[in-house]
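Labels for the chains are A, B, C, D, E and F, by order of writing; each one numbers its residues from 1.
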C-alpha cells in the first residue's frame, strides 16, 4: 500500500480561523489503517479529584492546533513529508462510569491504533487515561520505559477508596508490569502531599524522580541526555501532564501547583526525546473552562506537535537552532 | 429542648464580603438536630452528560448567599424568627463513582436530616441528586408530589446504557414509587429531544407537563393556583433545576436551552408554593466555571432563600407587595 | 440517486462534548451534491465597523451546536428524516481584502450549493455576507422576499467612503434588484442613528419596517401571520443578525443596541416562517471573543436548527406545543 | 456669547473604536461655561457595602459610549443641534476618605457646572454621590422632585455606624430638605431587607414607592404619565442606579437583586420623562470588573444618552416610533 | 492545657471542592486561645490607590487553599503535627472609614491573637493593613525586623494628602518605631515612581533595598542567607505583597508592575526564612475580580502555607529537595 | 518657540483610575508641532491572519498607561523634564480597506509627526502598520536600521495572494529600501513555519536573526551591546511586536507562539537601546478581547514608556539599578 503523506490544510486555501477543527486541520480517518502516527481525543474528566473540565480538552486543543504551521522552526523538523499522520477522532467514553471508560480507552487504542502498528498521540482528558493507554501499548511493545512529566507522582494507592482515578495510574501500571521502573523517570513533581513520603514510592520501585526544585533556574537539556541514556533503545512512552508547568503558563488545568516548569523547559524535554524509541505520547489535563481563550490549549497543541517532530522516522528539512 | 432561632451574621458585625461562607452566613452544624430546616451541599458533577462544573456549585452559591438580608421584601417573610435554620455542610461524595455517591447522598439526607424531622434544602450539584434525596424523603413522608421546574424532563430510561445519570431521576423515582405522578407537575420543559415523544413519557404516567412555550409572555401566578390545588395538602418536594431559566438569566449551568423562564417567573413559582406542605427543596445544576462572577449562583441563592420563606411555619412580619 | 438521510452523531455513540464539531455533528461533505439543505461557514469580520471577532463565529456556533438533539420539542419537527442535510465547511475567504471575500462567497454559494439545488444555511461572519449570498441565490430564484431581523437597517449608502461593508448590504441588494422590497420586511430596528431618517430609506422603497419598540411586551406570532401574507409563496430569504436580540441574550456580538428582541420572540419569528417558501437562511454576527462560553453561539445554533425545522419539506413527527 | 453646538466625533472621520474616549467622543472642556448640559465622571467605590469596582465605571461607560450615534431612532431626538453639550471630565476625589470625596463632589458640581447654569449628567461611581450632587443642585433649584430608579431604597439611617454611604443618600437628602418627598418616587425596589419595614420609611415621608413586583410583566409607560403628573413642572432630578435592572441585563454592578426591571422598562422610564423639568441626572453603580466586555456600561451609556434626549430644549428632528 | 493538633479536613473524608472554606479546611475558632499560629482575614480595599477588589481577597484565598495537602513536599515540613493551628475568621472592618478600619485591625490582632501568644498569619486585603498589624505585634515583641517583599516601597509620606493608605505603611511604621530599619529589608521594588528618589527614603533610614533588577535571572537562596544574617534572632515580621511577583504569575492584584519576581523566587524567599524568629506574616493585595479562577489566590494560599512551614516549631517529617 | 514640558496628570490631582485616558494622561495635541516625541494610535486589525481584536489595542494600552508614574525607577530616567511629549490621537483608518489604511498611516505619520521633526511612538494595531511608518520615517531619515523584536519574521512574500498584510512588512520594507539590512536585527523568532526555511530570507539579505532559542535562560544585556555596535549612530527604528513575549506574559495578542521572551528580557532589550539614535518606535499587536483586564496592555504601555526613556535627549535624574 502506498503511503499518503497528509498535509495540514493550508492557510492559503482557507484562513486558519475557519473549518475544519481536526488536529492541525489534518484529514479525519476512521482508524489508523495506513498511518504511522495518529492523534486521538479522550474527552473525560470523571477521574478528577479537583476542578473538572478536561472533558472539553480535546476539542479546545484541536481548535488551537489550527494555528500551527507544518514546519518546526526550532528543530527543522517537517514530519508530514516522511510520516503518514491523521486525526482519528475520539474514543467513545461513558461519562457516568469511570471503569467502563477505562475499558473503552483500552479497546479503542488497541483496535483502532495499535493493531495497525501506528503510534498513538493522545489529547486528554484527565490523567486516568494513562493506565488503559499503557495496557494497550504494552500488548504490542511489552513493558515500556515511562517518561512522566507532571506536578504529581500519580502513585497513590487509592483515592477515596477507589483504585482507578487520575492520581493512581502510575502505581497501577507498575503493579500490572506495564512499565520498566528502572528505566523510567518522573520530572516536575512538587507541591503538597498527603504524607511527607508521597514521592518515595516511585523511588523505592526504581523510578528516577526529578522534583521541580531540581529543575529550577536551569536548562533541562543536560537532564535529557541522561534520560536518553536511561531509556536507551527500549520502547518508551511519553506522558505529559500540562500541570507540570507553572500555573502562569498553563492556567487551564484542574490541580494547580506553584513553582513548576516553564514552556522552554517543556520544549527542551520533548526535543530531548529525539532519538528515543517512542511508541506513544500524550498531553493531558487541559481544562478549557479555566482558560477560555485557549492559552493552555495552544501550549498543549504545540507540545503534541513537538512530540510528532521527535517520533522515529520524522523528517528534518532545516537545521535546528 | 428550647429552640435556637439562628440569625445570619449581620453586615453590621462584619462586612458581607468577609467570612464565613456558610449559606447566608448562618451557623454551621454537624447535623440537623434541633433544626426545622437546613441547607446542605451536594458538590458533584459526575452525573452530567454535557458541560461539567457543578461540583463547585455549592461553594459558589454559599459565597453569593452572603449578600442576602434576612427579610423578604416582596412577601414580608422573616423565616429566621419562627424556624430554626442552619447550614450542615456537604454530603461526603465519591467523585470517581456515581453509584456510591448516590448511596452517600441517601444516607446523608436520611441520617443527618430526615431522622431529625428537619426539612432539607439542597444546594446542587447535578440533578442526579434528586433520586437519592427522594429516596430519603419518602422513607418518612411516603411518596411525594413533585414540583419539578426544569428545561429537561429527566425521564430518560438510560443514558449511554446507564440507568443513573442526571437525565433519569424522575423516571427512576416513578419506578420506585417515590412520587405521586397524578399530583406532580413539570414546568419549563423545552428545547430539542432524542425523539419527538421525549416529553410524553411523564404525561402518560399522569404527570402534568407545562412546557416553556406555555409559560411565554405571562405571569405564572395563575398556574401556581392550579399547582396548589393539584398537590393539595400532600407532602410535596420542590426541585428546581436552574436551567429552567433562559441562559440569559442563568448562564452558569451545563446544558443550555433557549427560550426558558425568567427570574420573575421563578419567583412566582416559588412564592406560589406558599401554603403547600413542602417536605424538601433543592436548587441544582449551578456550574460556576461558566459564570465566574456568580450571577447564576446569586439567583440560585435567592431562590433557595425564597424556598425557605414558603416552608410551613415561616413567619411573615411585613406585608407582601 | 437515492437520498441519504444523514443523522447527527448520537450522544449514545460518543459524548456530545467530544469530536466531531461539524454543525450538529452531521457528516462533512465537499459540496451540496445530493443534499436538500446544507450548513456552511463564513468566517469573516473585516466588514465590521465596530468590535471585530465574528471571524471565529462559525467555529463556535458549530461547537455549541453539538448540544442540540435531532427533534424540536416545541414544534414536533424532525427534519433529518425527510431532508438530506450535511455541513459543507467554510467558504475560502481572504482576510486582507473585503471585495475579494465578497466575490469568493458568491462563487462558493453558487457553485457548491445553489448549482445543486440545495438550500444554503449560512453561519456568519459579519453581515457583509448577505450581499454575495443574495447574488448567488437570486441567480436561481430571481429576486427574493427578504425577512431581515436585525437591530440595524444595513441600508447605509457608504461607510467611510466604501460601498461594501456590514452596514450596506440591504441597500446594495435593493439596487441590484436582488430583493422584492414590497414583499420584504425588517424587524427589530432600533438604537441610535447617523441621522433621524436612517430607517426611512427602506420604507420609501416599500420595505415594511417593524422597529423594536413595536415588538416590546408582546408575542410576535401575530406579526408572523402578516409576514406570511406579505411574502406569500414567493421565494424568500431569512437573514437573522444576532444583534436583533437584546445584548442580555446575545452579548457575543460587535454592535450592541439596548432594548432588543428576546429569544422567545426570535423563536416565534422563525417558527412563524413555517409554510414560507424559504430558499436560504443565515444567522450572522456572532463574535466569540465577547462571549467565550458560547451562550450567544448556543442561541445562534438553535436558531439555525429552528430554521432547518421550517424549511419546505421538513418532517413533523410530534405535535407542536 | 454664541453657542457652540458640539458634535460627537463622526465614525466617518475616525473609526468608533479609536480615540478619543470622552462621552460619545464629545469635546473635552474644563468646566461647563457656555454649555447647556455636560457629562462628568465620579470615579468612586469607597461608599460601597458589597462588591467594589465602580471607581472604574466612568472610564468604561465613556469607552462604550463611543458606539452611540447622535440621533435617537426611537424618539427622533437629535439633542446636539439645540443644546451645547460637552464632557468636563471627573471630579477630583479622594479614595482614602469618603467624607472628603463627598465634599469634593459638591464643590465640583457647584463650581464647575451649576454656577454656569448647566445641567449635570453624572457618570457614577457608587450611589453615595447622590447626596453631594443634590446639595449642589438644590443651591440653585431649591428642593427637587426625585425620580429614583433603584433596587434599593437607599434610606438606611446608618451603615456600620456611618451616616454617609451608598445606602443612605435618600434619607440624608430628605433630612437636609434637598428633595420634595410628596412629589418624589422610587421605582424598582425589591430583594431582601434588614427588616421587613425597610421600604416603609420613604412611604411614611410621602415618597411614592413602586416596588419591582408592581412593574412585572408590564410596560411602564402608563406609570410615567403618573410620574409626570406627580412632579408637574417642579425642578426634578433623575437618579438611575443600574442595579434597578435585573442582573441579566446589568451584571456589572456590586449588589445584585433578582427579579428587576428590564432595559425596555428603563427606556420607557427615561423617555417618559420628556416634558419634565429635569435639572440633573445620573446613572450610577456600573462596576466594570464584573462585566469586562462592557455590556452594562453600554446600557448605562445609552441611558445617559436617552436622558440627554429628554432634557428641556432637546431638539426632535424625526418622529418617535 | 493540652494542645489540639488540628488537621485540615482530609480529601478522603470529603472532596476538596466541597465545604468548608476555612483556610486549608482547618477548624474555625473564635480567637487564638490555645493556638500556636492562626490564619485571619482582612477583607478590605479602601486603602487602595489603583484598582480595587482586595476586599474579596480573603474569601478567594481561603477557597483556593482547600486544594493544599498537609505536607510540604519541597521541604518535608508537616507543621500540623507540632503546632496548633486554626482559622479565626475576619477582623470586623468598616468599609466606609479607613481610619476606623485600621483601629479595628489593631484591636483584633491584639486581643484575638497577640494576647494569646499566637503568631498571626494575615490574609489580605490591601497593604494598609501592615501598619495596624505591626502596631499590635510590636506591643508584645517590641520593634521588629521587617522582611518586606513588594513591587512598591510603601514609603510615601502622604497620598492625596492622607497619611494612611496602602502606599504609606512602611514610612508610618518607621516613624512609630515599630520596625528596626537597620535589620530590615525590602525585596522586589521596581517600576515607575513619582520622583527618581522614591526608593531612597528607606535606604537613608538604613533599610536594605534589593530592587527587582537585582533579582533578575537568579536564585534568591543566596540572598536569603544574607537576610538570615541581617535579622539574626531578632523578632521578625514577613510581609508579602503579591504584586512583588510579575503580573504573569499574579494577575489578580491592583497595581501591576512588570519585570517582577517569579514563584520560584517567592518560594526561595519564604523557605529561606527557616530559622528566623518569625512573629507574624501576611500575604496581601490579592484582588479576585482580576483573576476570577483564582490563580493568584492559589499562589497566595501556597505562600501562606509555606510561611506556616517555616514558623518556629514547625515539624519536619521528610527531607527537603 | 519655547518648549512646553508637559507632565502626566498627577495622581494627587485626580485618581489614576479616572479621566483622561490619553497615554500616561499627557495632554492631547492635534499634531506634533513643538513636540520632541509623541504617542499616537493605530487602531486596526484588518491586516491580521489569525485572531482579530487589535483594533481596540490603542484604547486599552492608553487606559492601562494611566497607572505609570513619570520616573523610571530602574534606570533613573525622567524624560518629561527634557523632552516635550504629548499624545496626538489616532490615525484616521478605514476598516474596510487595508490598502487605504496603509496610505492613511503613511500620510498621518508624515504630516502630523515627521514634518515637525518629532519622534513617533506608535501604539498598535496589527503589524501591517510597520510598512507605512517606515515609509514615512525614511522620507526624513533615509533607510534605517531596524531592531525588530517579534515571534515572527514578517518576511512572507504574499499571504493568500496579498502583498500587504501583517506577515509581510519587513520584506516590503527591504524591497523598498526603507531599512539597512546589514545593520538590522530580528530578535525572538520561533514557532512553526510554512517551510523549514522561513527565517532564512532575512539572513540571506544580511539581517541578523536571533531566534528565541538563542535567548533562552539568559540575560539579553550582552546581546544589546552587540546591537548597539551593529547599528552604531545610524538612524534606527525599534519595532516591538508584543507576541515576541511568551503567551504567559502577553496573552492578549492574536498569534500565540510558545517558548518566547519574558518581560525582563523585553526590558533589557529596550534599556539596551540607550545611546542608539532612535528615530521611531512602536509596540504592536495588543488584542484586548483576549486579555480583558489589560495585563498585556499594561506590559505594552510600560514598554512604550521605557522606549520614551531611551530616546535621544531623555533626562536621567536618578541612577540606574
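Just so we're on the same page, contacts are C-beta pairs under 8 Å (C-beta built on N, C-alpha and C of every residue); 3 or more make two chains touch, one makes a residue touch a chain.
Values in this document were obtained by computation on a predicted structure and should not be read as measured data.
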- prompt: To get from chain C to chain E along touching chains, fewest steps?
  reply: 2
Query: What's the overlap between the neighbours of chain B and those of chain C?
result: A, D
Message: With a step meaning a move to a chain it touches, how many steps does the shortest path from chain D to chain F take?
response: 1
Query: Is it true that over half of the residue numbers where chain C touches chain D are used by both copies, so same, or is it different?
result: different
Task: Could you give the separation in Å between the centres of chain A and chain E, each centre being the mean of its C-alpha atoms?
output: 38
- line: Averaging C-alpha coordinates per chain, one finds the centres of chain B and chain F separated by a number of Å equal to 55
Averaged-CA centre spacing for the pair chain F and chain C, given as whole angstrom: 41
Field: Junction residues of chain D - those touching two or more other chains
entry: 15, 17, 49, 51, 55-56, 95, 159-161, 248, 289-290, 293
Message: Going by the touch definition at the top, which pairs of chains touch each other?
response: A-B, A-C, A-E, A-F, B-C, B-D, B-E, C-D, C-F, D-E, D-F, E-F
- prompt: Residues of chain C touching chain A in their complex?
  reply: 13-15, 17-22, 28, 41, 43, 55-56, 58-59, 62-63, 89-90, 92-93, 95, 289, 292-293
Field: Sites on chain C touched by chain F in the complex
entry: 45-49, 51-53, 55-56, 94-98, 159-162, 164-165, 289-290
Query: So in the complex, which bits of chain F are touching chain A?
result: 49-51, 159-161, 189-199, 211-214, 216-217, 246-248, 251, 255-256, 258-259, 290
Message: With touch defined as at the start, can you tell me which chain E residues reach chain A in the complex?
response: 10-12, 15-17, 67-74, 76, 78, 218-219, 248-249, 262-264, 266-267, 293, 295, 298-299, 302, 305, 317-318, 321
